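These notes are about the structure you will find just below.
Letters A, B, C, D and E mark the chains in the order given here, with residues in each chain numbered from 1 onward.
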Amino acid sequence: MMIPVHYYLVLAAVIFAIGVAGVILRRNLIVVLMSIELMLNAVNLTFVAFARAHGQMEGQVIVFFVMTVAAAEAVVGLAIVIALSRHRRTLDPEQMHLLRG
Amino acid sequence: MQTGASGTPLEALGLIPAIPLAAALVNVFWGRQLGRRAAGGIACAAVAGSFLLSAYAAVRVADAGALRDVLFVWLDSGSLKVDVALAVDRLSALMLLVITGIGFLIHVYSVGYMAHDDGVARYFAYLNLFIFFMTLLVMADNLVLLFVGWEGVGLCSFLLIGFWYQENVNAIAGNKAFIVNRIGDFGFLLGVLLLFWEMSGQGIPSLDFSVLERNAHLLAPAKLTLITLLLFAGATGKSAQIPLYVWLPDAMQGPTPVSALIHAATMVTAGVYMTARLHFLFSSAPFTLTLIAWIGALTALVAATIALAQNDIKRVLAYSTVSQLGYMFVAVGVGAFSAAIFHLFTHAFFKACLFLSAGSVIHGLRGEQDMLKMGGLKRYFPVTYWTFLAAALAISGAPLTAGFFSKDLILWQAFASARGSFGLWLVGWITAGLTALYMFRQFFLVFHGEARAPAELRGQIHESPPVMTLPLVVLALGSVVAGWLGAPHYLGGGVWESWLAPVFGARPAAAHEPLSEELWLVALTVAIAALGVWAAYIGCVRSTRGFEVSEPAALRALYRLLARKYYVDEAYDVALVQPLTRFSSWLAASFDPGLIDGAVNAVAGGFWAASVRWRRLQSGYVQHYLFAFLLGALIVLSYFTLG
Amino acid sequence: MEVNLTPLLPAAEVALAALVVLIADLFLRDDEKGLLAVVSVAGLAIAAALAGSLWDSQEAAFGDTMLGDNFSLFFTLLLIAAAALAVFSSAHYLSETNMPPGEYHALILFSTAGMILMASANDLILFFLGLETMSIAVYILTGLRREQPQSSEAAMKYFMVGAFATGFLLYGIALIYGATGATHLARIGYWIIQSAGKPDWLFTAGALFLVIGLAFKVAAVPFHFWAPDVYEGAPTSVTAFMAVAVKAAAFAGWARIVVHQLAPLSPQWDWLFWLLAIMTMTLGNLLAIAQSSVKRMLAYSSVAHAGYLLIAIVAGNEFGGGALLFYLLAYSAMSFGAFAVLLALKNGRGDNEEYRHFAGLGFSRPFLAMSMAVFMLSLAGFPPLGGFTGKFYLFRAAVLAGYTDLAIIGVLNSLLSLAYYLRVIVMMYMDEGGVEAKTAARAPYLYAAVAVSLVATFYLGILPGDALELSRRAFASLR
Amino acid sequence: MNPELVVFFFLAALLIGFSLLVILVRNPVHSALALVAALFMMAIFFLRLSAPMVAALQVLVYAGAVMVLFLFVIMLLNPANIEPKARLWWAGVGAACALFVLALVGRFLTGAGASPASGASLGPGFGSPQALAQSLFGDFVLPFEIASIVLLVAIIGAVALARRGTP
Amino acid sequence: MFSGDLTLLIFLPAAGALLVLALPRRATGALFKVAFLFAALTFLWALKILWKFEPGLATIQLVDRARWIPAYGIDYFVAVDGINLFLVLLTAFLVPLAILASWTIAERVKEFLFFMLVLETGMIGTLVALDLFLFYVFWELMLIPMYFIIGMWGGPRRVYAAVKFVLYTMSGSLLMLVAIIYLAVRHAELTQSLSFDLFRIQALSLPFEEQLWLFAAFALSFAIKVPLFPLHTWLPDAHVEAPTAGSVILAGVLLKMGTYGLLRFAIPLFPEVTLALKPALIALAVVGVVYGALVAMMQADLKRLVAYSSVSHLGLVVLGLFALNQDGIQGALYQMLNHGLSTGALFLLVGMIYERTHTRMIADYGGLWKPLPVFSACFLVITFSSVALPGLNGFVGEFLILLGAFRAVPFWTALAATGVILGPVYMLWMYRRVFFGPQGRSAGHALADLNRREIAILAPIIALVFFLGIYPDPLLRRMRPAVDAVVQQIEGKRPPALFDSDQARESAR
């Protein structure tokens, strides 16, 4: 028998939640970026599951785009981290609050 | 004419007020360039012109009954139309003659009295302006225009009381006069409004006197009582009756001719004139009349008692004026309007004469007004002495003088007319005695007894120049003979009653009473007046202390009570002025900035504080932002779980 | 397969211009970099001409995923204008700050291309890609003033929140895809109609996630926290661009997706936008009051204005759409103008973006101050300026849709906003000191940009008829 | 219990476990390694969902390229930098996340009936490179082109931001 | 319909403003001359409008109407009738005088004159606009120049005062904006046609409940502007801080906008609510009359005193308006003119004395008559105009107001008439302390009496004070038909049963 699609959905949701928690909680920017990747992967899982359920290739194609975007974001994110590290030898986002109020 | 007023048109009527107005304007704009003499000359000439025109009008009135001149539409709001319309009937003709005639004399007198003052142009401008407003007042053909004159004379009074403005007392007295008058006017105005809407409700939307007179019977009695009470409130202000008489004594801060003209002869009688003008309203409001009579009587008595203990030469006369006005209101109150006007007429002569004589004395004494520093002045003031004596006799009711006729007429009416009563008469009678007493106290204190003026001043005391004494003589003569116009029937009768009959209607003759009774009363009055003179002689010539008794204690207390004017000013201060001032400064200092503005500022401050406080939400920590994002997402999704 | 590329032309042209800039950058000496701006503007002008020529043509391409309808053309023109103004006004700023001009211009153009795609996309995937093109370019632009720690920090914050939001947006697309089996908006709309206006939970969840993602882009409370920090930290010219263009593009998404395609859902979820609108307006205005930096104040004001615009989303009907578009026009002009004035204050000594730097500006730099005053008054909604007319239409739309309460809260917020807008004027005209007159920037293009904004602000206020008609027709062209 | 389901749960547990590791371990290198593992698990799920091409891309692009980049940056920037402990609001965030998941999961499970059919019949070659390529260069050619622009922008940006030298 | 007369009147000052902007900053003399010239021309043109105005017609005249924003049915629609004609004239009359009075301003002359002229455009526009949208545009347009005038040329707390002025005023008018929008939307719903035309919207009959809220919004906006107690506290601050010309215009014209708005918009648009809320508004107005007078009495600063007297006087105007009969409304309208003249003149006079002594504290003065007889005489005339001495302008208005109000609400009118007493109390008390008595501290300055420019400013005002007091008929005749129209609009309307009780009592009387 097939695994019902919402099993995958729940799994994806859990992974997404873990990613969200990581983004909010981790105090190392690189790990935060990784958590974002986790979130995007959870979305990918959802897409693929739905593609399977609908029997359409579209969902899988979208995953391709998401991966591209995720890669691009990772690159830019890391570049920003590097740029930031030139000003401050730390990766802790909590050390960065020049801008507030 | 659509309002249905009647009267023979006379174009020249407008000139009577216009001439003094023009003269006033000339003096306002060019008075200083023209110089003293010219300023005075113009002013006198203007009043003389008015007088002549008034005389002409009076002659015309004798034939035509009433003259009328509609100048232009003043106010027309749709429901109310008020014309600037002047009318002269026998009553106003009489008033005009008094105003312009006595006014002219006083103008002439002023030329001498103010000869050395810097503000003479200003003085004459004010004085002419006063004549303008006063003539307007008596010539007004409707209540609103009358009110214009009414307020206008108040303005002039204010200006002239405070004429020597550099003294604060004078300016304060001017303010007091205007404001106290305004309290009365408040009632007057409401009365006018109420009257108008009541008439309007009857389909007669007009305030013209002639229209009102024809339709007064339409008004409900209760309303009429209220209206007349409100109107009378105005009269108590203008004519200085209880409870609003307090301004008049203070008004003596003005130049003495002003006191003579405005605060004795003319303006203060405006209240009497007004009630007489509206006699058709008052005479059908019995309650109001009774009240007026008693207020008049009480005022007469109270003022006379106060006058007993005053030492300022002008203040005595001021209280005397209040007292005499009280008499007039007694007459009004018993429905004897012509008697009231008669007393107004005679009073104008003798009171003007008294004031001007007093002014002459003050002038001669370089401004000294305290009678305790006078005494024995007879020899310095040969003319003034006699004019003063003539007027004093007149006011005291010496037989056959003007005051005798008018006062006895009032007392007789108070006793015998349908509305009269013994009580009223008794008060009037006592007051007559007191009048003689204080008048002759003054007379003796000033002219007889030992000379109390400072030695260095004595050499400079002098009689006034002819320009001042001449009017005095004229007025003194008037004081003596003017009464014959209204001589009682037992002395052959005068023209007075018949002259005014078209205005007030034939007086419901009180002559049912036997003649003997009237004569008895006259005798009683003369007797008490004589008693008063005698007492004054005892108290002032013999003891020279002017009643300032020290023994026994009860008398001393009484004296002090009188000298302090029953503490009425103080009572008003404590009961009205101070609470109002305190309340108002509480409003200005605490309530307005604190509560009302405070609330506004608190709102503004609250937003600022909220902004400062809530800014801390924006902590600068990106993960806080993300957390908030998450919470927001939860809110959005709550739609999902809730819905 | 027949491919109609016509609707793509403006976006492609902008991207092409970006490439030209990149290449030209390699061959230009430092003192010739000014040409890049010329190239950019020329590219934008051509794109604008292309877009103009397409007006009323209702072209569609790529299986209707890319539309050249009047709506997208309206936004295309608006965005191109914003980009052109940004380019115009940044010459002075670039030379003062040592930002790399090649990258700067290229990124501006790329992001513009992305925005045009967002406005034209009729497919969620295409929309998402346009959004990402724009976002990534703007993340980088934000951090482009590398010598400034604030700039990097702002980039970091923007990026983190943005990526986070991307996750939500994508998740929403995924769920919608799951529910409907489509990402094409027309098909989704058809599906909604099929489901008789009562779509299932899956779709609703997806739509809500989508809304969260979009709400982030327009900085709606509580997804707004990044905005003040990022606006403040970013180079001012980028902030101006962001405040105007990014917001416009995001609202294009709102209009097409939420207001138009998901219209059947509106009775169910309007209360949500109602709440968002109120929170956004109120918090934005409230927090703006106590700021000490004008730039940051403008950031909050931009949040607040997003709130006003959300009123139109709530109102939702045709009038709401027209009002939304018109207000975007007006807002773009006045907001851009305000930032441009800030740009002009930049001098060798510093950024001069605090309130105190504005003291006495009315007398040392009359034109700038006068313009700033006009922009502030327009933002506050005074007639006869564009901001007033815009607000008027917004509130009218709200009343028309039965949301008088929103209109009332909206005007009360305007009142609140006056407090801080007037403060700028107070500083400029009723105080002394501040930036010295001697350091006046010689930046003719910048002044021209200010003047254009000024004229537009007045024009939209006094003669709004044509622009209004334009907005109305643009919105009506959605299908 | 259905064996397929057992496998699913086993893999799911692993995926969740690795994911949790990513966010729980203190050392970023360890996080990165856990992430690699999680991404592999994800690829396995893709495979099971008839998406072999995607699974392959997942391994190549993510587990390969992107993760290398991550590790590279970690090495570049002081790896010894130990992350400070998170604060008390752990609890709050935990609760929020749990709520969030519950909100979704609860609905997904209870509303399962409304979800699309879980087993559409698949055509031949579903998920194959050919199928993917056909879609990609057919209906999705425009997004594909735009994706390239996204990457281009990212490259330009990365260079602009991260390059050395006087800014 | 476009005769262009009014349009020219509105925009002539704006043209002047632009010209001023174009002139060089240093040429202050030329700037003043140009500004004065344009203001004077505007006044002359306003006189021409008076000339062309046909008395006896209730309808609007000299209509200028053009489509403005057709998509929403917004028109450029201006016209005059008996209600606004004289207010327009007053505005055009006061602005040149205010400019003349500002001749001594030395700093930022250009900006000042620019704002004055823009302000004039705003004011005239507000008065003649009959399209609700257009009205609102002009209404707000007035605010900005005044804000600058207070804020840039004002006293030490000018910023506070200016911001307070704007915020306070806006807090009301923004709600009015919503009400205007709501009205237009309802109009569109009910008639299927788009319009902001006052008269067409007036023809709607909305449910009472809706009217109530709309009226509240309009009335709040106008009440703040009036200002009606207890919304008055912005006024003293604004007046005290504003420069002379600002105070003159503020008191002379801007405050009238509130009462004008009530008469033009709030009352005819919502007659039922007007009837229902009449008692409350009258109560506020009367409290304002007494309160303003009491607070004025205790003020130490001349300008503050005059400001509070405005509160008192305008309370009376509102009382007249809500008497809702011919007399009351005409009186109110007339009193608006009077107040504009007399309070405007008071501020001019205070400004003149301030220039000489640099103090406005009453306690610093005393005995000014001696050195300044002409000034004092002018002040005296205006003082008595302000306390409504019969024969001067103030009386005509006050009398008509009391006349009308007495018919409607006798008790409240009696209370309001205590203003008759309190007015002289504070005005004369102030006058005495300033001009009479021994010379005060300010006498240390060399005091010169009025110069020719100042006399030229005051003379026309004083002439008008007399003219309006003595011969008001030409004005009343032109106002009457329009006022009648408003009264008729209200007559026959009655509030719904809930509010009916006092109405019934009233008609039973």
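As a convention for this text, a residue touches a chain if its C-beta (ideal position, glycine included) is under 8 Å from a C-beta of that chain, and two chains touch if they have at least 3 such contacts.
What you are looking at is a predicted structure, and each value in this text was computed from that prediction instead of being measured.
Note: the chain lying farthest from chain E is D, by mean C-alpha position. Geometrically, the chain at the heart of the complex, using CA-atom means, is E. This structure's chain pair with the greatest number of C-beta contacts is A-D. Inter-chain centre distance (chain C to chain E, centres taken as mean C-alpha positions): 42 Å. With centres taken as mean Cα positions, chain E sits 65 Å from chain A.
Chain geometry summary: the mean Cα position of chain B and that of chain C are 78 Å apart. Averaged C-alpha coordinates put the centre of chain D at 70 Å from the centre of chain E. Touching two or more other chains at once are residues 604, 615, 618, 620, 622, 626-627, 630-631, 633, 637, 640 of chain B. Those residues of chain C in touch with two or more other chains are numbered 125, 129, 132, 136, 139-140, 143, 146, 155-157, 160, 164, 178, 181, 201, 205, 228-229, 291, 419. The set of chain E residues touching two or more other chains comprises 167.
The full set of touching chain pairs reads A-B, A-C, A-D, B-C, B-D, B-E, C-D, C-E. Against chain C, in their complex, chain E makes its touches with residues 68-72, 108, 111, 133, 136-138, 140-141, 143-144, 147-148, 151-152, 158-159, 162-163, 166-167, 170-171, 174-175, 177-178, 181-182, 184-185.
Across the complex, chain D is touched by residues 1, 8, 15, 22, 61-63, 65-66, 98, 100, 103, 106-107, 110-111, 113-114, 117, 123, 125-126, 129-130, 132-133, 136-137, 139-140, 143-147, 155, 178-179, 181, 200-202, 205 of chain C.
On the chain B side of its complex with chain E, the touching residues are 28, 72-80, 84, 144, 147-148, 150-152, 155, 158, 162, 165-168, 170-172, 174-175, 178-179, 182-183, 185-186, 189-190, 193-194, 196-197, 200, 580-581, 583-585, 587-589, 592-593, 596-597, 600, 604.
Note for the complex: chain E touches chain B at residues 164, 167-168, 230, 232-234, 291, 294-295, 297-299, 325-327, 330-331, 367, 369-370, 377, 384, 389-391, 395-396, 399-400, 402-404, 406-407, 410, 413-414, 417-418, 420-421, 424-425, 428-429, 432, 435-439, 470-473, 476-477, 480, 483-484.
For chain C in complex with chain B, the touching residues are 156-157, 160-161, 164-165, 168, 201, 204-205, 208-209, 211-212, 215-216, 221-223, 225-226, 228-229, 268-269, 272, 275, 283, 286-291, 416, 419.
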